[in-house]
Amino acid sequence: MATVEFIEYEEGSPEVREVYDDIMTTRHVDWINNFWKALAVQPELLQRTWSGVKEVMTPGALDALTKELIYVAVSVTNSCKYCINSHTAAARKKGMSEEMLAELMAVVGMANQTNALANGFQIEVDDVFQHGGRAPK
Amino acid sequence: MATVEFIEYEEGSPEVREVYDDIMTTRHVDWINNFWKALAVQPELLQRTWSGVKEVMTPGALDALTKELIYVAVSVTNSCKYCINSHTAAARKKGMSEEMLAELMAVVGMANQTNALANGFQIEVDDVFQHGGRAPK
Amino acid sequence: MATVEFIEYEEGSPEVREVYDDIMTTRHVDWINNFWKALAVQPELLQRTWSGVKEVMTPGALDALTKELIYVAVSVTNSCKYCINSHTAAARKKGMSEEMLAELMAVVGMANQTNALANGFQIEVDDVFQHGGRAPK
Amino acid sequence: MATVEFIEYEEGSPEVREVYDDIMTTRHVDWINNFWKALAVQPELLQRTWSGVKEVMTPGALDALTKELIYVAVSVTNSCKYCINSHTAAARKKGMSEEMLAELMAVVGMANQTNALANGFQIEVDDVFQHGGRAPK
Amino acid sequence: MATVEFIEYEEGSPEVREVYDDIMTTRHVDWINNFWKALAVQPELLQRTWSGVKEVMTPGALDALTKELIYVAVSVTNSCKYCINSHTAAARKKGMSEEMLAELMAVVGMANQTNALANGFQIEVDDVFQHGGRAPK
Amino acid sequence: MATVEFIEYEEGSPEVREVYDDIMTTRHVDWINNFWKALAVQPELLQRTWSGVKEVMTPGALDALTKELIYVAVSVTNSCKYCINSHTAAARKKGMSEEMLAELMAVVGMANQTNALANGFQIEVDDVFQHGGRAPK
């Protein structure tokens, strides 16, 4: 169904294989999922996207699972079937319980509702919330 | 700018005041933000939305800060100015550091990018990711 | 395909069954659609969402069919396959003719177009339209 | 703020003035709102959009107010400030009461919430809802 | 799966057939794609939409391929499966190479990312960018 | 209004200044726009985003102006005020005429309309359009 051909490992240029190898090493898996096989149609797109995802998803001030939950929340709001399935799977692998998934969806659902209400009534931002509550310089 | 009149505490019916009181008690604040003042145009809408938000945002399998970060992620993806500001402020109040905010946005940005790529190439879901990785019954 | 297991009536806790019974009674049907079976993974999510939908969709200042048409319009704009199908079916059941459906889509399509144009040119709101045309306090 | 210059009536070509005249006649007003002044940068865009809006918003199987409510629902979901304000004002002019506005928003909010839940759990469409409930040929 | 019945050429009214004939003549094809067969449920919707698309997609200041690429970019951002597939196919027919498709998606992905970042941090528009960089009257 | 503090050139770490210098050199300007000043709260976010944008926007199979038009199209569809203004300005600088801007918006508007119609009627993809019209392997 994809609008581009997938590049399998055997077909990949050395540049592509290097990224595939890094994906498998980083994730401790022995296969490449379709997303990367599609991006490999343009090796720089593959390389840049993977290095971005790798960097962004590395635990930092936020842990790996929290980042994955945020990823799912965005994917749901964008109605991206591939991303919802793949990141829900990734979150489960990183320890998301069924209770967490249900709470995640409850928050995502509520946020989509109140976003609509705030936009719908064109509610102006309270002074206290200006700048997202930070103390201006 | 709002398309409805705000209902101030003094103007509120007993039904509205009861909700306002619960909001202030629950959040340990002595004022009501514009969102609720707008919803008060229909007391049931106010009551139902507040009780939903209160229930959903109570710490459970996910802690309060994680829920707030998810709320911000959705609000950003929906481009809701009021919600981005108010929930960023709420997240800060619950302990979100500037590093966390930066990482949150990095994940939200990356997710929006890869959502577009997965949709754009119409990539089919890998078998392993079907059902979000859960073992089917 | 769903990322959570459906809870069938027989498997449901008394809490879940109570909601299922109310859904069937309220809607005069003898079966439960997948949406509720998925939400039942978290009984409070099921209970809260159902009572919200029930309350919101009850005829009031707007009749039942008008509410259903609005529901479809939002679902289309959000590209929600499940919701478009289920609420189009619900609207038909409530009396939506094929002419109405065509007109609904014509309005939804036109609104999506002019929304893009207004955003695209960053057109400022006319004074007369400020506050959605309400007389400010 | 608009990214194009507004074309005032006096500045308009005969082609533009003809559309402006039709807008004022059709709507029983003696002024032109910013949306059309921006579109007038390309007279065919102005002409085509106006004739489309005029045709679509004419009462048919759906009455004028219902169409306007649908227009607002889409505009809210798309987060279009101009459109929310202008179509809320238009709906008020066509008879939308404050109760109706509150119910409209309640439905729009609920729809955005359940859209997220249906997408988030990737719930498959029930057989009965396939084809939006129409009897297939 | 469509929620309306498709109108085949043989079933079409003279009004519908006239549009179908124009589509086939304009596009040098001998068949009608599903999109138009669905819109034909309301001949004016079919007629208005086709004449709009025909007018808009005619080469002008922008060439045919550029317009098609823009069409795909919007369709991806809206997560419209039908539109992504049909307009990617149309773009290929108009000369889009695989390199162009990859670059298109790279831009669309990047734009979705930076849109989220700009919204997420609520960054105010620089003076130089006000009015989209046009010299105000 | 931004939810983070802007980092001015003088305040920037050597890492930040290096990116700022590259932005100014690449774009032949002597100032930094707010977007980058916000991202500088996390130097890696700044560095990664800039190097991505720089790489993606470099003329390749698609020229610089076409890429900028695509960027605007996405920004409009996402309702991102900052991005619409800044990329419209950038497109003008790269040679976008007022006629091109009007045609761009006409296409973006039309695409948003037909996306809604295709989603709204849940139209299935024609066989010929499967895989975006590519010949499957």
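Residue numbering begins at 1 within each chain, and the chains themselves are lettered A, B, C, D, E and F in the order written.
Operating definition for what follows: a residue touches a chain if its C-beta (ideal position, glycine included) is under 8 Å from a C-beta of that chain, and two chains touch if they have at least 3 such contacts.
Only a predicted model underlies this, so the values are computations on that prediction, with no experimental measurement involved.
Any chain that touches subunit D and also touches subunit E is listed here: A, B, C, F.
Annotation: C-F is the more contact-rich of the chain pairs C-F and D-F, by number of C-beta pairs in contact.
In whole angstrom, the spacing between the mean C-alpha positions of subunit A and subunit C is 27. Put simply, the C-alpha centre of subunit C and that of subunit D have 19 angstrom between them.
Counting only residues that touch two or more partner chains, subunit B has 1-4, 49, 52, 74, 77-81, 84-85, 88, 99, 101-106, 108-117, 119-122, 130-134. Taken chain by chain, the contacts link every pair, so each chain touches all the others.
Listing the residues of subunit A that touch subunit C in their complex gives 79, 84-85, 88, 98-99, 101-103, 105-106, 109, 116, 122.
In the complex of the two chains, the subunit C residues touching subunit A come out as 3-4, 41-42, 45, 49, 74, 78-80, 131-132.
Against subunit A, in their complex, subunit B makes its touches with residues 1-4, 33-35, 38-39, 49, 52-53, 56-57, 60-62, 66-67, 69-71, 73-75, 77-78, 80-90, 92-93, 97, 99-104, 106-108, 110-115, 117-126, 128-134. Subunit B makes touch with subunit E in their complex at residues 72, 76-77, 79, 81, 84-85, 104-105, 108-117, 119-122.
Residues 1-5, 44, 48, 52, 55, 130-134, 137 of subunit B are the ones touching subunit C in the complex.
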